[in-house]
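Once you scroll down, you'll see the structures, which are given as structure tokens.
Below are two complexes that have chain A in common, paired first with chain B and then with chain C.
So, the complex of A and B:
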């Protein structure tokens, strides 16, 4: 690899964000897959903004388009079969979708880094940890082998891996799942990226390790000031750390707001379903779980109206006929439901997560204390 | 690692005795009397001469004066099979593989003359196989569904199905015969032997056609394994990680994918090299190649059992050693094996 491969490249990280714009702006992004069986509407009109130091939680069931959205931003979708059918992604005012593959290579790992769901398979089994963690530094910063290894050792120390001098020379199979995810985080943060996209980073880990990893990501965010996009199917996970939450269903955002708004003032029946399906911490009685019945629709032939209508207990005729518009409040909180503006409907049917009750059992009853949620940033 | 090697070497023992014992038994089942064949079969030999040969080759029991022990019918008593085997093994450990019935030479000397040709041919073929097989596999995986991929996939399918001896004859016909006619003798390739003073070609030219023939089937397999492995590896999560790091496609293939994908291919080629060192009987026969394969083939047709036994014994040892080396090299490619860890569930 040429050392000065990116000599002529202006590091976007060092450039100011244009006036009135955000660090990352995703606007009406659409990514369809053209398969032999038909067109899969994997991402169909996703919009959000993100600033440094912020954390966005993206929540939804499997197949709701959370990961594809992130991979599209990173340019990691093979095209074909994928095709961007519309929308914009602006990073510091520069359109990522218009960049060449070579330009995107400078962005990946350097400006926007990503960690993945399964740390057991996300590291290359035949290379030492130090080499893998330092690889980005050699690529983007032109570090020598020695410097990269040195920095990799520091990074391992930073993410809480004991005996980093010894561990840099070990192979992935000598690490536990939680330790590997720490390595992934060290690797992602090596070049001090603006944005860290975490695609279900705790799903494959033991429950006891999950909280540690989330905490680590938060800690690193406080140190580096990077933004985080936390993709998860578990509302409980984002409850801890997200400033904003986007709930996705069938490739579309159905509700977007601050963590407070989503937990305590949500207007969409799907979000309600997600909140209700969080297992409650019942101390003295056994309660059955409350699932959302049915399955997400096929992204190939979406129903005519609201995609959630077939599973929605409150669906009316209009829901099956017309795609709902986004109902937006003055704070920017929006819900894609025909009845989101009907406060009587919302009051009557929303789950009992009012502020007065103060807790949804997520394993740690006090995490949803309003002073914690949204209190950072 | 040392413990592992010791364990593997200990496993040699039963394999070695098993193979030699079976072979020893087989040579007594196969019809045809080797001693009668020495004289060309039929009545060319007097009974006395024949008996003397049987005594010389330790096939009949003798008394202390060197005379054959006769049974009640006046026939010489054969040495029990087990005793012959014990004698064979005892001599073997003293470096004596016996004497050829036909050539009247020590088997060790014959094998020492023949083996270099087999080794040289195997080396040429394995280099060809490694370069062509791995190269074609990589091209075909990287340029998936392209013209080159289809070319590789198709031609390997055909090559796998073509028997080596037939391919050898075809090459001989095209390059040895037709080419000679078409070019008026200006260009052709030798169709037999490994050169020497009498040959009109330089020695190395003799290696071209046999190498291609010997390598053909396994090159096709190596290419197919390489292709499927590389495609499989390119779908692994760690390739996505590498991509997310900002590495170029080329760097991902060369640095992250290839080392992983090569592991099974190297194993295959290594084991194949062992098989080639065992003497490519078909290829060597078709090309009249003066190697062990052809020698063993010749010895079988003449029931020259000492050569068959000696040749196969050497081959067994060589194959076992090569396989051990392949397993050890595996550990250098794959750290999970080196450290005795369980494979990932991936």
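So, the complex of A and C:
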């Protein structure tokens, strides 16, 4: 690769966001895979906006198109078999879908960085950690080897890896899962990106380590002001971190709103189903769970009408015939359900929440407050 | 738990693996992975005993050792009053009619070359129960019970989704009407909506057949939902054991407390206001476990004694055991610690 290949490009992240636009604007994005067996509607009309300092949570079950959407935005889908069937992705007013591969290479890592689920397989086992963390800096910023290594050491220190001077010279197998995920975060943040896309960053980790990683991501966001797209299947994780939430089902966003709107004022039966499927932190007695019946549809032959209709307990004739439009409120909260505008329907069927019950159930027991314990400082 | 005789009794169970392969399969290894260390508990007929902990804490090894899939280094396992380690191969086989296993991975635990009917009836074939017709009849009946179409008896595993495959695994475990089923992370590979289906199914089957479960999982909310009693493991040791309610409302051990506080609650109001203990660092290696209390290296309230003496697994309240020097009195206050 040419050393100064990136000389001709303007650093997009230093440019102001055009008036009336957002940092990232995804508008009715559609990407289908054309396979031998038929067309897979992997991403089917996804829209959202994101600004600096914000966190968007993308929730859904496996195969709902959460990761593919992110990879389409990053230009990581091979085309063919993938094909953009419509829509726009604007980053600071520039269309990502129209960029050349070279331009995209400059965007990736520099402006938009990504963390993957599996920290075991997303690091190269034959290169030292320092080299991998500094790679983006060498590529995008033209750092020398020494400078990159120097900065990599600082970054490892920043993400809380002890003895960074020693650790930069180690290989991925010498790191634990949580430490590897910290390395991934250091790598993603090396070039100070505008947007950090995290694809199930904590799913492979234990819960105490998950808490560390989420805290680290929030800390880094406060420091750098970057936006985060958090892709996860865990509603608990998005409750922790997200400002806005998009719920996806069968390649489509079925509901989008602020975290408060999704958790306390959701309008879509699928969101309700997800909330009800989680074992409640019941303290008094246990009730059987209310699962969503059946299985998600194949993305190759989606049912006519609403894709959720076959599993929806409230489905009417219209649901099996007509694809629902998005019902949007003034605040931008939308729900793709025929009955989302019917407040009686919503009120009657939405799950109880801590707010509708009028009290905040103490989700956790009266745990020790570390500040009072003393212990070891 | 009306029945006072335990179905399964585990006493001071230890399991060590050689940490180096070396000569003779590591038989002369000097370093050992202490996977399970001095674990004792009982399971009563018809109850669900939850076993939680992070990866590498020895919960799966405990399950496998009970089943005698690996033999314990020391300690005893009694099933229906009989010592498993003294059983002959034939007796072990007999015993396994009453003790079955449900595995985590619904993809790897079903033979892709066998039909669903063959998979589910295999335990009957192995134990020589019934004629072929009777087996098929029983399989069809059970497929119905676990929510699969009995017409699919001749299909192969790849034709089913993850949740359906797990139902096949459950049908296989139930076909001999065992008294105890060891469920090793039975829902962790499934999506949350499917997970709820499988959990409800396990509960229904338990009500129907009166089976006891040893339910091994890392997800605390799942374990809380299904279990009558719950034990928490850390680095091969059991740190706390209690009925589910007490464990989740009044956890005595600092590890249980931090574990519970680390689980993100799907409710932003609660999530923003509750107190959380975020543990520093990773769990230490079980090859050279820390001296004294194995948790002391990460414990927010560790004192000198913690690195010197191994805390006993003592009863702090009726039926509530905890391995911490400061577990009693509860709740712990600063004044209790400055000893």
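Points worth noting:
The criterion applied here is as follows: the second predicted complex is superposed on the first by the 343 of 377 C-alpha atoms of A that agree within 3 Å, B and C clash if a C-alpha of one lies under 4 Å from a C-alpha of the other, contacts with A are read in each partner's own complex, and residues count from 1 in each chain.
Rule of thumb we're sticking to: a contact is a pair of C-beta atoms (placed from the backbone, for glycine too) under 8 Å apart; a residue touches a chain by one contact, two chains touch by 3 or more.
The structure presented is a predicted model; accordingly, all values stated were derived computationally and were not measured.
Looking at the shared chain after the overlay, A:105 reaches chain B, while chain C stays out of its contact range.
Look at A:210: by the touch rule set out above, it reaches chain C but stays clear of chain B.
When the shared chain is aligned, no partner comes close enough to touch A:165: not chain B, not chain C.
When both complexes are overlaid on chain A, the residue A:76 reaches chain B alone and has no touch with chain C.
Counting residues of chain A touched by each partner, chain B versus chain C, the larger count belongs to C. Contacts of A:123 after superposition: chain B is touched, whereas chain C is not reached. Only residues 236-238, 240-249, 251, 256, 259-260, 333-336, 339, 341-342, 344-346 of chain B touch chain A when the two sit together in their complex. Across the complex, chain A meets chain C through its residues 61-62, 176, 178-179, 206-212, 214-215, 233-240, 259-260, 263, 273-283, 286, 288-293, 295-296, 353-355, 360-370, 372-376.
By the touch criterion given at the top, residues 1, 74, 76, 101-102, 105-110, 113-114, 116, 118, 120-127, 135-136, 139-140, 171, 173-174, 184, 187-188 of chain A touch chain B in their complex. Chain C contributes residues 54-55, 161, 163-164, 191-197, 199-200, 203, 218, 220-222, 224-225, 245, 248-251, 254, 257-271, 273-280, 282-283, 299-303, 331-334, 337-338 to its touches with chain A in the complex.
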